[in-house]
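Read the structure below first, then the notes.
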Amino acid sequence: MAEPYTASEMMVVTAARALRNDDVCFVGIGAPSEACNLARLTHAPDITLIYESGTIGAKPEVLPLSIGDGDLCRTALTTVSVPETFQYWLQGGRISVGFLGAAQLDRFGNINTTVIGDYARPKVRLPGGGGAPEIATFCGEIYVIVPHDRRRMVDRVDFITSLGHGRDGQERHRLGLQTKGPTLVITDLCVMRPNPTTNELEVVSIHPGVTVDRVREATGWEVTFRPDLDTTPPPTTAELEVLRDLKARTEAAHRGGG
Amino acid sequence: MEFLSLKEAIAEYVEDGDVVAMEGFTHLIPFAAGHEVIRQGKRNLTLVRMTPDLIYDQLIGAGCARKLVFSWGGNPGVGSLHRFRDAVENGWPAPLEIEEHSHAAMAAAYAAGASGLPCAVFRGYAGTDLVDHNPNIRTVECPFTGETLSAVPALKPDVTVIHAQKADRRGNVLIEGIVGVQKEAVLAARKAVVTVEEVVDDLAPSSPNSVVLPAWTIDAVVEAPGGAWPSYAYGYYDRDNSFYLEWDEISRDRERFSAWMADHVFSHG
Amino acid sequence: MEFLSLKEAIAEYVEDGDVVAMEGFTHLIPFAAGHEVIRQGKRNLTLVRMTPDLIYDQLIGAGCARKLVFSWGGNPGVGSLHRFRDAVENGWPAPLEIEEHSHAAMAAAYAAGASGLPCAVFRGYAGTDLVDHNPNIRTVECPFTGETLSAVPALKPDVTVIHAQKADRRGNVLIEGIVGVQKEAVLAARKAVVTVEEVVDDLAPSSPNSVVLPAWTIDAVVEAPGGAWPSYAYGYYDRDNSFYLEWDEISRDRERFSAWMADHVFSHG
Amino acid sequence: MAEPYTASEMMVVTAARALRNDDVCFVGIGAPSEACNLARLTHAPDITLIYESGTIGAKPEVLPLSIGDGDLCRTALTTVSVPETFQYWLQGGRISVGFLGAAQLDRFGNINTTVIGDYARPKVRLPGGGGAPEIATFCGEIYVIVPHDRRRMVDRVDFITSLGHGRDGQERHRLGLQTKGPTLVITDLCVMRPNPTTNELEVVSIHPGVTVDRVREATGWEVTFRPDLDTTPPPTTAELEVLRDLKARTEAAHRGGG
């Protein structure tokens, strides 16, 4: 009998499992950072985590709140300047996996973190691209973690902050990009991968207890389910324990700061 | 290089209408200097910073900025910068012109500025919509392969303000830990002001390759212990993550923001 | 990354016809590795190095090189590289094609290679005659100011060989002191071999910003104490300036050079 | 009564005197390095010496044989990478004085260190440009130190490795360069400066005991002497003492190495 767990834990554990021990990851804050550190503390102890603040090989004790907390530097193999991070390490093609979040994600894996509505007169002004536009094109492949609802999982993003497969799914090819772009999307309901031909995101597995209808309702396009649709394996007790320990340590550290 | 008080340094080196870069990538953000800029009521500044962070949220909310050049405008790990959003979405307290880039572009643009180049050439922005909204994103063709590369103008601030761990008595400055784009931002600027945690007899860099800015690249050094709070100074104090969380509440509301600024910025210094 | 003997590493990673960069700017020149390349009789190499120094004088004199890409071909502080000159002036032991640059160009070209760019854009070569003799010096126009800038192709060696102070048991490498272009040369290359003074349990970099190359950027690490002699390893031994002076005599004469190589290179390893 | 001194000492001392305490110098090996360090050990204790190996603010105990001796790093304020040296420090316009030597120097201050004869079939293959081509255009001004003879002081260099004032003396202006180029040439016979209009090098002072005829004979063009031609002040006892100490320490250190 598996332990009870939250949808967010399911999402983070599933994302962590996708990482390999020899991956070099460019890590975003939030769920991506949780997943990467969970992987490091479980099956991928040698994984290299790079934060855009220039910390290479960070092994933080607690999850950083920002991309540049002191713990990242203290535990890193080395810390380089931000220009070097983007030029030699990201643009230089040294990163195997980029982990991104999204305010909006569309059927072709394009990411919007810039504006809801019109750019010049936005309904909501979001933080913007940061490192993501180039992470999206220079990492070997991209994993996206995003909570699954109709506000986020849209047919067409209002603004392409970071390229997925483009407006018609074929843009990377046209641009001559050698990297794969989004190969994996992990939500709190399911796991999606692009169709090998059209690059439209399709559901490859559903998390335990989630129905096909619920995924359909939460998705802003007429979503396809793979014929061999699977159930995502639930988190193990060991995974949950490590994740909860990590989050408890983190909570204590950040609330205690001052 | 001269040693000045914070008040003197900002009065002398930051002028209304200047292009000002206050850098520090999460680490070593020059908050004390930012507060002094607010207290002195500087106006019409073009604020340049990769991550505006709370420091520019405060400057924008206080009405110092005319324009913002940036690449990621959030409260790191928390959410929105509400004063920044209020300025962009509602023009409060004044409309804010924005020039938006990616981190890769801004980092390269500072490096180009430090290198005396008119522009930075890199690979960026592929397939993004930002290229349609920022006329400062252009292209050049590689004269060997014919590939199309991206170009953005070099960043050349009128004045760069940074915070660092230490200066020695000659004004040489040591930066350690997450070094961000501070060296580039200082070397790209016409004038540079550095606040430091302490002034010491011997800089004692831990490595021959430690990041040191020679005194002759700096105009003013100011001793300002704690000057990076609520960001942090590696080796001195940690990031006050709880304040970053609190700021979300403080900054949501115009009145609460103004009250906080009155109590914590205007009444000091 | 694998730990190998010097013989294994050169046999596995340096192939006839490769573009090979052995870098180290005066400091940490990988002489032991260079000697192994000579002993293994590698041929038709395109040798890339800002300052060919004695290491390439020896490789050229031993007949390993087809082409040299360089920016300053002297014996530092002493005078000529006689084997290099004999190859260029008299085609001995074989004609040597040269591609000549300035230091600024080569440094930028390595950085461009490390950055995944096809070319480096900089300001260089103004008013010089080299532009008429090297078709790899071209120009681009700044899309903002219209200024003409210089461009050279990125350096992307098949293999880069460097010497460093230390590796840890995972193969992470520390370089300290005059760090030259080694990081760039390694990151620009398809394969990288690093010889080190010693392999240690803990790399213990002296600063968070020390120059460290992660193991996953390197193919082979070789323990080769003294491997930089007659250049030096900061913190281990000094430059043997007297040998650099002696080399002037040894290398002037083809026979004396060949005898020295027989005694000091071919009879070892 | 001044102490006896060599022509080379005269040259180095004269060069050292041209440096100011607040100069930031890009230093070449040999006579330039002697002059810069003599200045530092006499009237310009705060001068900043940068060697192209990336050592910023070096204060070597002995003269380095190479541009990257360990003593330079050990005594420097900081040591940066070579790409950074050329990009941020030289090209960035941070250097006030560049000190260069020359195999050939012509009447317009152009420097050849590349080839004697034809580039493709050289009579003598010299080391090449190294840092000099960009030092010549990015330092605020250039001082050249060169022994004075007809082989070196030529009407027209075989090859412009590093731009002085160009083939006709006006090239810097045409190229839009903001820097001054060679403003001072110090030889073992005299001191020269460019004519304010034509930029042709003219003799402004002659070292003690040197005749106008001797300078004329040693110069490969019909050299002009300024109307207010001066005699270069001889080295002082103090200058000679410091220089000889420095050279003695250096000699001992380099011959003793091994």
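Should a chain be cited, it is by its letter among A, B, C and D, assigned in written order, with residues numbered from 1 in that chain.
The criterion applied here is as follows: a contact is a pair of C-beta atoms (placed from the backbone, for glycine too) under 8 Å apart; a residue touches a chain by one contact, two chains touch by 3 or more.
Every value quoted in this text rests on a predicted model; they were computed, and no experiment measured them.
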Partner chains shared by subunit C and subunit D (touch criterion as defined above): B
Chain-contact steps, minimal, separating subunit C from subunit A: 1
Pair with more cross-chain C-beta pairs in contact, given B-D and A-B: A-B
Distance from the mean Cα position of subunit C to that of subunit B, given in whole angstrom: 38
Gap in Å, rounded to a whole number, between the CA centres of subunit B and subunit A: 28
Gap in Å, rounded to a whole number, between the CA centres of subunit D and subunit A: 57
Subunit B residues counted as touching two or more neighbouring chains: 111, 115-117, 122-123, 177, 179, 183-184, 205, 208-211, 234
Set of subunit A residues in contact with two or more other chains: 73-74, 79-80, 87, 91, 138
Pairwise touch network: line, ring, star, complete, or other: other
Pairs of chains, among all present, that meet the touch criterion: A-B, A-C, B-C, B-D, C-D
Contacting residues of subunit B [partner subunit D, same complex]: 111, 114-117, 172, 183-184, 187, 203, 205, 208-212, 214, 216-217
Interfacial residue positions of subunit D with respect to subunit B in the complex: 22, 24, 48, 56-57, 73-74, 76-80, 87-88, 91-94, 138
Subunit C partner contacts - residues on subunit B that touch it in the complex: 115-119, 121-123, 136, 138-145, 147, 149, 151, 153, 176-177, 179, 205-211, 234
For the subunit C and subunit D complex, residues of the former touching the latter: 25-27, 50-51, 70-74, 76-78, 80-81, 84-85, 88-89, 100-104, 107-108, 110-111, 122-130, 133, 177-181, 183-184, 211, 232, 234, 238-245
Residues on subunit A engaged by subunit B in the complex (per definition of touch): 29-30, 52-55, 64-70, 72-74, 79-83, 85-87, 90-91, 114, 119-120, 122, 124-134, 137-138, 159-163, 166, 171-172, 175, 177, 253-258
